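Let me begin by presenting the structure, written as structure tokens, before commenting on it.
Each chain carries a letter (A, B and C) given by its place in the written order, and its residues are counted from 1.
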Amino acid sequence: MRTTRFTVIGAVSTAAVLALSACAGNATNSTGAKGTIGTPAGAGKTITVWAMRGDLGPDTLNAINTQFTKETGAKVDLQVQASWEGITTKVTTALATSNPPDVFDLGNTQIPSYAANGGLLDLTPYKKELQQGNTWLTGLELPATVDGKLYGVPTFAGDRAVIYNKKIWAAAGVTKVPTTYQALIADLDKIKAANTASDFSAFYYPGQYWYAGMQWVWDAGGDIATLNNGKWTSGLSSEKAQQGLNDFKTFQNTYSSVASRTVDIHKPEHTQMFADGKTAAILGIPTEISTIKKANPKLTDADLGTFPFPGKSGKTQPVMIGGSDWGIAAKSQNKELALAWTKIAASPDIQNNYVFAKDGWIPNSVEYVKAAQATGLSPLITGFFAAALTSKSTPAAANWSTIEGDLSINQLFSSIASGTKSPADAAKAFDSHADSVLNGN
Amino acid sequence: MSPSTVPVASGETMAAAESPRQPGAPRSGPKRKRNFAPLWLLSPAALVLLTITVAPIVLLVFLSLTNYDQKSLFTGEFAEVGLGQYSSIFTDPEFLRSLVRTVLFATALVAGSVAIGMGISQLLTRLGTVMRYVVTIVLIFAWAVPTVASSLVWDWLFQPGYGVVNWLLTQTHLFGDLTDVDWAQDPVLAYLAIWLLIVWQAVPFIGLTLNAAQTQVPEEYFEAARLDGASEWGIYWRVTIHFLKPTLLLVTILSVIWDFNVFNQIWLVSHGGPNNATATLGIWTYKTAFIGFHLGEGAAIAVVTTVLLMIFTAYYIRNLVRSGEEL
Amino acid sequence: MTATSPTQDAPSDARPRKRDTRRRRKLHLGVNITAIVFCVIWTFPVYWMVNTAFKSRPEVMTATPIFFSQHPTLANFIAAFKQSSFLLDLRNSVIVVSGAVVLSIVVGAFAAAALSRFHFRGRRTIMVLILAVQMLPGTALLIPTFLVFNSLNLLGTYFGLILAYVASVLPFSIWVMRGFFVAIPYEIEEAAMVDGAGTWRILRSILFPLVIPGVIATSIFAFITAWNEYLVAYTFMKDQSMYTLPIWLASFSNPQTGTDFGGQMAASVLFSLPVVVFFLLIQRKLVAGMSAGAVKG
């Protein structure tokens, strides 16, 4: 009995070692030589592309695929993931297999960890060809760059601007778009006075909405963390950041409902609150305009307006640039084809006529943004393009995604909004946590 | 993967199996000749368990001795660190805090669900046919709503501003205006909401299981106790509990195992917040292993958790296995 | 409801004493009230889920909750049906769940028979190990299981997912079914042996039919576990045409496209319905099996 037991365990651990090494593979990066993508022949081959629902629309993805099949003869197996819970686990395990999907749609705050840990193909040799003569938006290119190497191709960008309900504003006697902080406050006071329902918010501003909260910190001159000599230092306890956090609290508490102090924008959905007329304004992303119209078909383009959030500093508040990059799995079996696919996705036709024109996102390059502005933007989009001129992004640290994943940054802002912690205490707790996470302890 | 997420069905039948044991019944063992039947009967289960359960467990223990992380998954590179992960866990103040939270909360969950389950079991024996049927159906409904769905329902019931529970409690005028209270953001209320969720789903299993066992108690014992002039309480403690003991033991051990490792409900309701107030060992393991992808450290926490659970339950499991052998 | 209680009492009290009867009646009233209160509390979450699912959009979020919809609608259900591929995911769930149920019963019954009807060395150790395996936190095993499955080429297959679920319910199944085997008197077996029946025949025609309630218990457990499981299904299944229903349900909480409580509750109802139906169907058999077992015991 005894001996057999040991043999069994011995056999099992051999299997375990095999299992570990099976995943190892070789993830050598093709560095050095300048590569060319060209148009690889792919007849009879299929590449797998993982997109996220809510990012690029089906028309855009189809257009990329059609073009790709036309050029290379290869087919595309498009998988659009609709569930976000556990998505990092899914992507991580997929990148670890020996035959992973080829192209991934990765959020610009998520990509640093995949890139830094060797999950993605080094695209540096192909950078010029992928850029196609353009300058990518920094907020998308920077997070995809680790140690000077490029691991992702910018897909699209989105930022936040005020979306407001013209009817409710007009009913309160406000007809002019506020361009200064004082004007905004005065307008919101009027709206607040004109609407007395207990669950009405002049400006619905959920406490966990850290993208919104960070705008105050940036406007006051603070930042989440800064990199000095390879070491991250969190900065929310700084005097400037504290000023921003205090202003955030005052604004949130004054113009948003009590119930909103601790919640995130999705429970309840803030576009739903807007569509139901429970608020006169939200801070939203471009695609949320269509979400609002879908939730309440009575609201039309004429009833809606957008403008960048005017900061206390006198300038507009800096906004967080969100968006995503296309990454190619380091172990992809179809690297050439995957490169050709991402090249098409970043091409002028797709960026101008689909990403911008169809989906309403900000295209991936400065040139496309300018081109879009030159052609004349719809009034609903102008607010977002104006806001994008002063943009910020999260620290480009490999471990940043941990801070988002463990919700400590949500906690920071909701505890400030609800008053369970003073801005100073909340910032102190967050800073020490972020210091240890970002520096990899 | 985790049976702990399911307030499991089935106990009723276990009760049926355990309860026929009568005190002093003769013990009879199988007097079969040595043959290979157990070998081939066990081999399919052994094959499945060795490859799909034991191999991952061995791997888990191995991982806990390394610094395996996201990079290792991608590139296969990792280093053995001996007991490094364990020493960093034991020196982390979060460990003791999580452990205390886990033990206290699991105790509250087991006590609550077993006590209410016992009450329901007793209640069922006192009800008329119609009410009995109604209560059984109600129990089955609560039991059958999958955890994923019930956690969504819980979020909605306790939603600040629009949650019906907040509204109802406000209407009682007992606690003031609770309309805008966010249960997930207050340590005590977060525990309460999660406790309610887990107990709500655990009671049907426990209640029906105990009731199945209770109906097997021979009527004569009650009559005898009644003739002795025992009160209802006295009868319950002296007769019912005596016969329920084996089933109660089993149900309690299973509850301890499941509630100690409970993860889904806590994660879906509070994410371990506010400020880690509801971060039990299960939440800590998940955060370590799947948010930071420190798989080596996560594995070590899981191993420690399991060993602690074994220590806590060793005595009762010995009793359970013994009482099983007696049958 | 209370009307039933006196008639219930009557037969047991051969010589009713007046005082006692009154006390008992009072007790019965209390018992029934307790039962009703319990039912109201325990049904409420289910009621609220169904109630919300049928509400029209403006009725879902109101300062004063609406307990009975004035404008009931199927819109939420229709929207839920359209979201992703409900029918495809349902089919996948049915494949995986039925596979897990059948396999865990067969494999579990064999192992339970070996561990209850035969004496051999190490039996007790195996029993304790089986229980100990249950103590590992499930999430912790995800990555190790992934690594093993990856090296066995089981990822992205129905069979792999079924095996993962069987492995997680097997220890429990063996315990439960073993309890039933143990309760069968050895005399029955001995009689058959005298008749010259072999081990396999005894198992097939005598022992297995007697543990049907245990089989049902195991199937409930395997059913719920497999029906509910999200993270393993999501990480192990590569192709979205092989996703199961929990993944469909999770897509209703998508932070990019937003969600509404009405849609979420409608999806939850659709997701829970098959389990409720399965439970109600099997409950009758379970009760019947239990009473049969009691007679023999």
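The rule is simple: contacts are C-beta pairs under 8 Å (C-beta built on N, C-alpha and C of every residue); 3 or more make two chains touch, one makes a residue touch a chain.
Given the structure is predicted, the values throughout are model-derived calculations rather than measurements.
Taking each chain's centre as the mean of its CA atoms, A is the chain most distant from subunit C. Among all pairs of chains, B-C has the largest number of C-beta pairs in contact. One finds 15 Å separating the Cα centroids of subunit B and subunit C.
The geometric centre of subunit A is 38 Å away from that of subunit B, both derived from CA atoms.
Counting partners per residue, subunit C has 61, 63, 142-143, 147-148, 230-231, 250, 253, 261 as the residues that reach two or more other chains.
Residue positions 15-16, 19-20, 23, 86, 89, 93, 96, 198-199, 268 of subunit A each touch two or more of the other chains. Chain contacts: subunit B has residues 51, 54-55, 59, 73, 159, 161-162, 179, 290 touching two or more partner chains.
Taken together, the subunit A residues at the contact with subunit C in this complex read 1, 15-16, 18-20, 22-23, 52-55, 77, 79-86, 89-90, 93-94, 96-98, 101, 197-199, 266, 268-269, 271-273, 276, 278, 288, 291, 295. Note for the complex: subunit B touches subunit A at residues 50-51, 54-55, 58-59, 62, 69-71, 73-77, 155, 159-162, 179-180, 182, 184-185, 271, 273-275, 287, 290-293.
For subunit A in complex with subunit B, the residues that touch the partner chain are 8-9, 12-13, 15-16, 19-21, 23-25, 27, 86, 88-89, 92-93, 95-96, 113-114, 116-119, 198-199, 257-263, 267-268, 330, 399, 401-402, 405-407, 411, 414-415, 418, 420, 429, 437. Taken in their complex, subunit C has these residues touching subunit B: 1, 4-5, 7-8, 27-28, 31-32, 34-35, 38-39, 42-43, 45-46, 48-49, 52, 60-65, 106-108, 110-111, 113-115, 117-120, 124, 127-128, 131-145, 147-148, 152, 163-164, 166-172, 174-176, 178-180, 182-183, 185-187, 189-190, 193, 199, 203, 213-214, 216-218, 220-221, 223-225, 227-232, 246, 249-250, 252-253, 261, 264-265, 268, 271-272, 275-276, 278-280, 283, 286, 289-290, 293-294, 297. Across the interface of their complex, subunit C is touched by residues 1-6, 8-20, 28-32, 35, 37-39, 41-42, 44-46, 48-49, 51-57, 59-60, 63, 73, 120, 123, 126-131, 134-150, 152-154, 156-157, 159, 161-162, 164, 167, 179, 200, 203, 212, 215-216, 253, 257, 260-261, 263, 281-282, 285-286, 289-290, 295, 298-299, 301-302, 305-306, 309-310, 313, 317, 320-321, 324-325, 327 of subunit B.
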